[in-house]
Amino acid sequence: MKVETMLKELSGLKTDLFGKDFLLTWENSTDNLKAVMLVAEIMQELHKVKKPFKIFDSGLGIAIFRDNSTRTRFSYASAVNALGLALSELDEVKSQIAHGETVRETAAMISFLTEAIGIRDDMYPGEGHSYMVEVADAVTESYREGVLAQRPTLVNLQCDLDHPTQSLADLLKLKDYFGGLDNLKGKKIAMSWAYSPSYGKPLSVPQGVINLMTRFGMEVVLAHPEGYDLLPETLDTASKFALESGGSFRITHDMKDAFAGADVVYPKSWAPMAVMQERTRLLRGGDKEGLKSLEQQCLAQNASHMDWECTEEMMALTKDGNALYEHCLPADISGVSCKQGEVAASVFDRYRLHTYQEAGYKPFVIASMIFNSKIADPASKLLSFLQGVKE
Amino acid sequence: MKVETMLKELSGLKTDLFGKDFLLTWENSTDNLKAVMLVAEIMQELHKVKKPFKIFDSGLGIAIFRDNSTRTRFSYASAVNALGLALSELDEVKSQIAHGETVRETAAMISFLTEAIGIRDDMYPGEGHSYMVEVADAVTESYREGVLAQRPTLVNLQCDLDHPTQSLADLLKLKDYFGGLDNLKGKKIAMSWAYSPSYGKPLSVPQGVINLMTRFGMEVVLAHPEGYDLLPETLDTASKFALESGGSFRITHDMKDAFAGADVVYPKSWAPMAVMQERTRLLRGGDKEGLKSLEQQCLAQNASHMDWECTEEMMALTKDGNALYEHCLPADISGVSCKQGEVAASVFDRYRLHTYQEAGYKPFVIASMIFNSKIADPASKLLSFLQGVKE
Amino acid sequence: MKVETMLKELSGLKTDLFGKDFLLTWENSTDNLKAVMLVAEIMQELHKVKKPFKIFDSGLGIAIFRDNSTRTRFSYASAVNALGLALSELDEVKSQIAHGETVRETAAMISFLTEAIGIRDDMYPGEGHSYMVEVADAVTESYREGVLAQRPTLVNLQCDLDHPTQSLADLLKLKDYFGGLDNLKGKKIAMSWAYSPSYGKPLSVPQGVINLMTRFGMEVVLAHPEGYDLLPETLDTASKFALESGGSFRITHDMKDAFAGADVVYPKSWAPMAVMQERTRLLRGGDKEGLKSLEQQCLAQNASHMDWECTEEMMALTKDGNALYEHCLPADISGVSCKQGEVAASVFDRYRLHTYQEAGYKPFVIASMIFNSKIADPASKLLSFLQGVKE
């Protein structure tokens, strides 16, 4: 049976997820990533046959959102609920970048009966990940010093560097579509910038994708117009991963080059790194005029690349003309959600249900990250759920 | 025993609620409506003796509110909690009327582990019900195509056409007060417009009441000043239902005529349909000046009907001077919540606890709608709860 | 074993908490207070060994916040979750002081399946406690008249008079730190005003502290500059309690006098009572200009007492130079959260983890108040949880 095969594979992995936070895929071994995916897939199968996988009798699962989010909010809500936790949300003022004493104290104050903390903080380069590390250090100290009876597990719901719950959902879709991780070796994926009439989209999705897909032997091509670079350190790790896995990683400034013969395309807008960094500076200084003019300048810069659109002509360049289209949603669909955007309506519509399935892995990926941190032997625990043994 | 009699009656009904949404009472057979009420009453009895009726181990119950609501919010929260679901709220910007791709995608994105979706969207004639149908179609597609492992049940928490959780609570109060549905035959109910110093109250309560009470043989009189018409299609169905049930339905522009000899009075303000339709047009066009002037015009129009108040003099006209007073709450009480309003303080106070009991059915009606959609044999399931058999 | 000793002590107390709300410590017998603390401590021990203490299968725990609060919000969320309830929040407009019909009706409308209501309403002298009494009377009436099948228990999460969940957490910290309530006899605590660059902090913390610590034989000294008096009735009860318990209570306008030889110091800012009362009057009258000028005047008044700071020099005056520092958090820390505030950074940092532990009692105190109200024999019930007997 499918689940039993997955359980067997899971048992064979060497992981060190127990007791750990999940902040960046590139801090984790490949076996860790495989385990997170397998547990997520098994949970999805359990859900299909209405077998619960609760591991908590009570406790809070806290979500800290420093950016608006509907989808991630509901994914996280579903994940903690399925594990037996009650969701509590801590909404911070969006522009407020709290550090130091306040972060340390708040982290303890909200954690007395808390098992998991999911954080989304993706708007400011240099801020999101470091905030998560601050929270992690704070709960570690409070747990060590006996203030907390348990240490909540942190899950990165998107930071300035990575978006691991998204990229692992993207990868799970590829795993399912191509019939296994092994089949991804040598497959070409075009992670491409695309035009959008909006401004300030974070870099974490492309950075996450190039650092995850390179680990499984894929031929990863990052495409963007000049000036839309990602953070340099994320390029270095992607190159290293490609080398290790027998895949490849390269950058092009030609969308057609990226799409040519691709098995998978991921056309998505993001802001130029320099703009995002300038934006952080202006926000910190409270310079509203500067922010306004930066937005205008950035939109004008975007507008000179309106030909970076995933059209039918572009899709025709891909492998047999039918590469799989991926997106983290919502996409800017030309003539639907905007006048001209990332993708032609006919292309999006053909792959629409595929993108829904891609998103559908997310609640299970989040639940899996918490589960792997809390349960020393995930395979045995999941087997007991499969056998319908109630706690 | 009372519950056992109700269970027996429930077993004898021919319903097709299983797997269905509950959007409009008039789409449902009389047996369906009887089943929703019986299950609600049995749940209320189980609640009194502290017997839980949870049918879910986990899962989300989502509430989408496109209008402010405290009471419906808590009724829905209680209902999904009693069934074993965790509440998640999707608050949309009030004036935003999203359609098409956004609705379809969002419906899927929030539903991966969701069992129920309650929607309140009552502000714009022509919008609320059609939005619910869009959401219903979206989850149907996603379930059919394998994106969702289960199809969430939709519950109408008030739309532009109907307010079924309210009208069924109103009817349950009448059933209890008069000792059974059969005793409602030939009883006269005055569903009457009443003056309020506010503006823009939806039409769904009176439309819901005239279409529900006519199905149980009541003499339904709709009273309002000229110009305060309800949507024509809802008048047609009310007439049809009255004919079928042996009751009657007529419209009068004289409040006294409606109250004369009435067994039940339901005096409540609503906005003229034409105003509500114009409001939708102005909102869509973003015409703030137009909206302001429409409000002034509507308030002035209301003010010429300040004599439409449920006073002691009006109550004296009713059957033996003591018709049952019903209201969906909150009422505009003269000298209490406003200078002059829908009802005299002494009248309201005499029936205050009755209106609380009326409202008290609502959580159970909502829970019943979800229960009937999810459980193939509600009577057997409820019997197991009564016998205290835990899952 | 520790828990068994506590259970035995709990069994010996004569309490009348069953079926009651918890609004003010001074309405409760000393045995009631001891029981609330013991149950909280036992729950904390159960939590440490991962033994659940759920007493509800379902139901709502409602929080009504009429003032912003992150910490109390999460404490309450944790407490109701641990007992098996789902949190629902009723957020009222902060400046709105609703009374009468609206309060009575809303209390019933939100309570049909509700087991607990926590209220925070601390901003307006003469308002918070009386609002809670109104809500209590409303649910009592609705329960008596059969509108509600159960009467929700009210918990005061901070009013204008008292902050019992905070003061009991403060006392539990002292109980633990000094090795038992008996060891508090004769210990000196300085409840002292301290400078803060903010405005309008409520009086309920100092009022709560002087009325609780005097009941356990402590030497309680209240220190504040002239003009920063507490409500007179709270001074009278503190004097009475001191007399009864063999402790003492006095007021000084000299911070050094209060700190000299103190075993515990609690330096914390509050607004002058006269300012808070004037503020209520201005808010009711909607006098924005008046409020602005009052704020200026109050900040200026504060600024003339900037020497009221808990510095190292002040700490050196205390018993052996190392009195325990208590605070309800967040503190205004000089050079950290403000330029100059209530406490020097080095002092705060030395006691930081102690203040976290102090706060850590709060979720259990709240849970204990609800538990004691709902369970007739708390000791037996807790014993069954200790023995791992599941419901």
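Going in written order, the chains are labelled A, B and C, and every chain counts its residues from 1.
By definition in this document, a contact is a pair of C-beta atoms (placed from the backbone, for glycine too) under 8 Å apart; a residue touches a chain by one contact, two chains touch by 3 or more.
In this text, all values refer to a predicted model and were calculated from it rather than measured experimentally.
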Fill in the blank from the handout: Given over half shared residue numbers means same and under half means different, the chain A/chain B interface is different
Problem - Copy-to-copy rotation for chain B and chain C - C-alpha atoms, rounded to a multiple of 5° - result: 120
Completion exercise
Note: chain B sits from chain A at a C-alpha centroid distance in Å of 41
Exercise for the section: Give the residues of chain C that touch two or more other chains, as numbers and ranges in rising order. Expected result: 86
Problem - Residues of chain A touching chain B in the complex - result: 44, 47-48, 52, 54, 70-71, 73-75, 77-78, 81-82, 84, 86-87, 329-330, 333, 336-337, 353, 356-357, 359-360, 362-363
Handout entry: Residues of chain C that touch chain B when the two form their complex
Key = 57-60, 62, 86, 88, 90, 100-102, 105-106, 108-110, 112-114, 142, 145-149
